[in-house]
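Down below is the structure, laid out as structure tokens.
Labels run A, B, C and D following the written order; every chain starts at residue 1.
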Amino acid sequence: MTCTADSVVAAIRAVAQVVIEHKAELSHLDREIGDGDHGENLAKGFTAVVAKLDTTSTPTPGAVLKLVATTLISTVGGASGPLFGTAFLRAATSCGDAQTLDADQVVVALKAAVDGVVARGKAEIGDKTMVDALIPAAEAARSAADAGGSIADVLTAAANGAESGAASAIPLRARKGRASYLGERSMGHADPGATSVTYLLQSLAVGAAGTAAAAVES
Amino acid sequence: MTCTADSVVAAIRAVAQVVIEHKAELSHLDREIGDGDHGENLAKGFTAVVAKLDTTSTPTPGAVLKLVATTLISTVGGASGPLFGTAFLRAATSCGDAQTLDADQVVVALKAAVDGVVARGKAEIGDKTMVDALIPAAEAARSAADAGGSIADVLTAAANGAESGAASAIPLRARKGRASYLGERSMGHADPGATSVTYLLQSLAVGAAGTAAAAVES
Amino acid sequence: MKKIINDPTTVVQEALAGLAAAHADLLKVSYDPMFIARADAPISGQVALVSGGGSGHEPLHGGFVGAGMLAAACPGAIFTSPTPDQVIAAAQAVDGGAGVLLIVKNYTGDVLNFETAAELAEAEGISVATVVVDDDVAVKDSTWTAGRRGVGGTVLLEKIAGAAAARGDDLDSVAAIATRVNDQVRSMGMALTPCTVPHSGEPSFTLADDEMEMGVGIHGEPGRERMKLTSADEIVATLLDSIVEDLPFQSGDKTLLFVNGMGGTPLVELYLAYNSARKYLAERGIEVSRSLVGNYITSLEMQGCSITLLKLDDEFTQLWDAPVHTAALRWGV
Amino acid sequence: MKKIINDPTTVVQEALAGLAAAHADLLKVSYDPMFIARADAPISGQVALVSGGGSGHEPLHGGFVGAGMLAAACPGAIFTSPTPDQVIAAAQAVDGGAGVLLIVKNYTGDVLNFETAAELAEAEGISVATVVVDDDVAVKDSTWTAGRRGVGGTVLLEKIAGAAAARGDDLDSVAAIATRVNDQVRSMGMALTPCTVPHSGEPSFTLADDEMEMGVGIHGEPGRERMKLTSADEIVATLLDSIVEDLPFQSGDKTLLFVNGMGGTPLVELYLAYNSARKYLAERGIEVSRSLVGNYITSLEMQGCSITLLKLDDEFTQLWDAPVHTAALRWGV
């Protein structure tokens, strides 16, 4: 089964809710090794996204992702604004005008998003940034798709990849972003951005699984 | 027995020591209903006085008191500077060129000092200022002298008068000086200046009693 | 106590040395007795403004020494008025033959020390006039108090009277203008936190996390009333209610609105409070034609603000706009 | 959290409204997207300087908008960089046809957002140059970090480059001068206390009563090292040791010494620190020919200071002395 513009919209709304729920926690993580605004930044951005979705018609998955991208870029600020924005923008481009996406297209879009973040932020894996969660996520998604997995399988794999990637970054010393100013003092703390992208992918996975289940029932 | 320039110098040195010992306490009282500097102000002034006494020759009691006055005026600052300064200046004037002072001259000098403070500060008894300690002190000294008391008796009476005057001012609402800004909130606190003049007179009394005792022995 | 200092007993001297080094073109400092004078003083034939008071209110007064404002400032120890010998020495150093106007904030200590100084200066043949500033409406002026305190209005008075002196007015006229400013200006302040005098090391008072001190003085004296912390709009309204009703300021009045920080409050909060004050005054038809926002008369690191409102006439406005060149206020040069 | 505010979410907007009302002669404010522009912009034929960054550093950057300095400033949320659409709108509003120089403090968020803005502005046909300020020696510039942060040097760079633009230099020359300032300036800061971002309500870090944070950033980021609180002379020496050895500054160099407050530190401590810095530099034969002392690039109510040292040449000195008319820096007009 494939995913439509409407299910992408539903997925984004779910993501927005999850981000807002974890706002305080994400800002707390950012206070530990940053400037304490990551939760507010994303909550502000996704609140704006939801408002935009309510008032804008988005015929294709790509159109939805493009709207998310431009809204995040113009509302978030901070490092995560352009990074999340670029991710959604690249994903949108990779979707083109497709009316629906299958598992493979989802993986390709995810890979494009990750490449976009790397291109913008120039972070490598091990720098203790969201990239440490994103790259394993894209790889896990790829293998799940190659093994014939559904969209739900692919996104679940991605979420798990992100989670373990984020976890493995905890002991590391940050080399990019604000946390890098702390040098060794950044070690032992979870990276806010790696954590937020993990929540984002987990929300997508749960949503996709739900849709799939619903589809089976019907 | 009478008092000489030297015994006045010794008395002032003793006063300086007492003021410095009570510096923190006086500033604490001033923090309660003022700006917390009364102890520092007087300690600074009397430290300068002692230094001046070490280097200046003061042939008469009046000369000693004049030196104290000018030094306090030029070093204390704050309300207490000109007030203590005026007090010592008027006392000095009342002593003239006398080589020694008897009990009656001491009372006259004390009265002149008190009148000087009232003239400068325009405070009345009951305004919760040093005047509340000084006026009873002068009155008690007068009666002690009239009763034929010695310098020690006179100063002891003055010290006791000041102490009870300062105590009776505690419940009052300040109407002069910084404490007056507090209105009713000044009630229930001891007035720093009334307290410091009490210590000053007590130190003089103790000193005079000591000298008298010494005189008897010899 | 957390401060960037070396020794509590030398804070004022060291800060003065810094001021002198940073502004050698503007001012010179004498250390014993302590005063700050215009580098080019005395200005022959020009009335010289001499002010002073306890330190800890920077930039007041030393930051206002220079062309178009003060000829000299006498800093006392922190929160303690200067001594008469400082004032006399300063007056002698800057008197250009046209006399000296002493500007004194109404605190017993300042008044008594400047009074003594004035007597001695007169005796030295310097013609002296004195204006006592008492603009703080937090203190009821009655036989029950030492009278209103001099606060934010002092800054405006020093600027306007300084411009009058610079324009060549004689001592009586400058004193008259200064007195007129004091008649037309009202202020009130509040604090979110106390401050700590270096040599004492103890906070001047204590406030709970949800309390503020209304009508606070600038020496860490507690204020008129302790209240629960509220919004900027309510704080500003409380301050302006007392200020506006006191003069009173009326619809149609032209004013200078001065929102002052107590030293530890960031500019973003001061501009926010200024915005709130503008709305309050607009609703009452009171026009704001001149403004000053910033930390100009402070209480060390105290957090809080004060509002000062001056009723302007054409002469005040002209004198306010006239060039001034000091460390803390500068325009037109 | 004790602040004079109404609502944590509207602090920046309300403060901007205050700034606009207090300085209507100097600047105008756009609220959506948010930017502050010179009242008389665009100035045809003149290069326009556009800067910006998170709010909470006031007077930076809005207080530096005006003749001889910035054409526009884009304030983000507190401590959060502005978004590209703000920068594009500001650039369009102030471009006088001679191009726009973007002045960006080196933080990932600012760099990425201004980068995105530059791409889009170019696409709109505005010629854009960018200079990234990274003068903070507290951060070792290596593959181990996002590179040095932009701090106090930004103020000096905006003044000097602004004067170059006002004098009529073209975009390349103004950008070249700005780059040269960045090459010649070094800074480092320290904090006695943390600060609290209004919408978070929690202090950015915690320090014991006897601790200070050395090499602190201006966003409440913890610094290079936590140390026991020590004397002003030792604090200044620690900051200047890193600054002087880095460029390095040498005996005989002419410099501009800028002692900056973090927002909650009173002027008396800043002048005391300035005095201490003068002694340190004099011992090393480093001449201070220009000075700036005050709160110019702050971290809300944080207590602490930073020192910035710029190596001066004749051109820098001329451009520094050139007239400037902004809310926070004014001389020669």
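Here is the rule we go by: a residue touches a chain if its C-beta (ideal position, glycine included) is under 8 Å from a C-beta of that chain, and two chains touch if they have at least 3 such contacts.
These numbers come from a predicted model, not from an experiment.
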Set of chains adjacent to subunit B and to subunit C: none
Inter-chain centre distance, subunit A versus subunit C - centres from mean C-alpha coordinates, in Å: 56
Inter-centroid spacing, subunit D versus subunit A (mean Cα positions, whole Å): 33
Inter-centroid spacing, subunit D versus subunit C (mean Cα positions, whole Å): 29
Shared interface positions of subunit D, touching two or more other chains: 78
For subunit B, residues that touch 2 or more chains besides their own: none
Chain contact topology (line, ring, star, complete or other): line
Full enumeration of touching chain pairs: A-D, B-C, C-D
Of subunit A, residues touching subunit D in the complex: 27-28, 31, 34-37, 40-41, 44, 73-83, 85, 120-121, 173, 175-178, 180-183, 185
Contact footprint of subunit A on subunit D as seen in their complex: 33, 54, 76-85, 107-109, 112-113, 115-116, 138-140, 143-146, 149, 197, 199-200, 202, 204-205, 217, 219-224
Of all residues in subunit C, those that touch subunit D in their complex: 2-7, 11-12, 14-19, 21-23, 55-56, 58-59, 63, 78, 192-193, 209, 212, 229, 231-233, 235, 263-276, 278, 288, 291, 293, 295, 298, 300-301, 303-305, 330-333
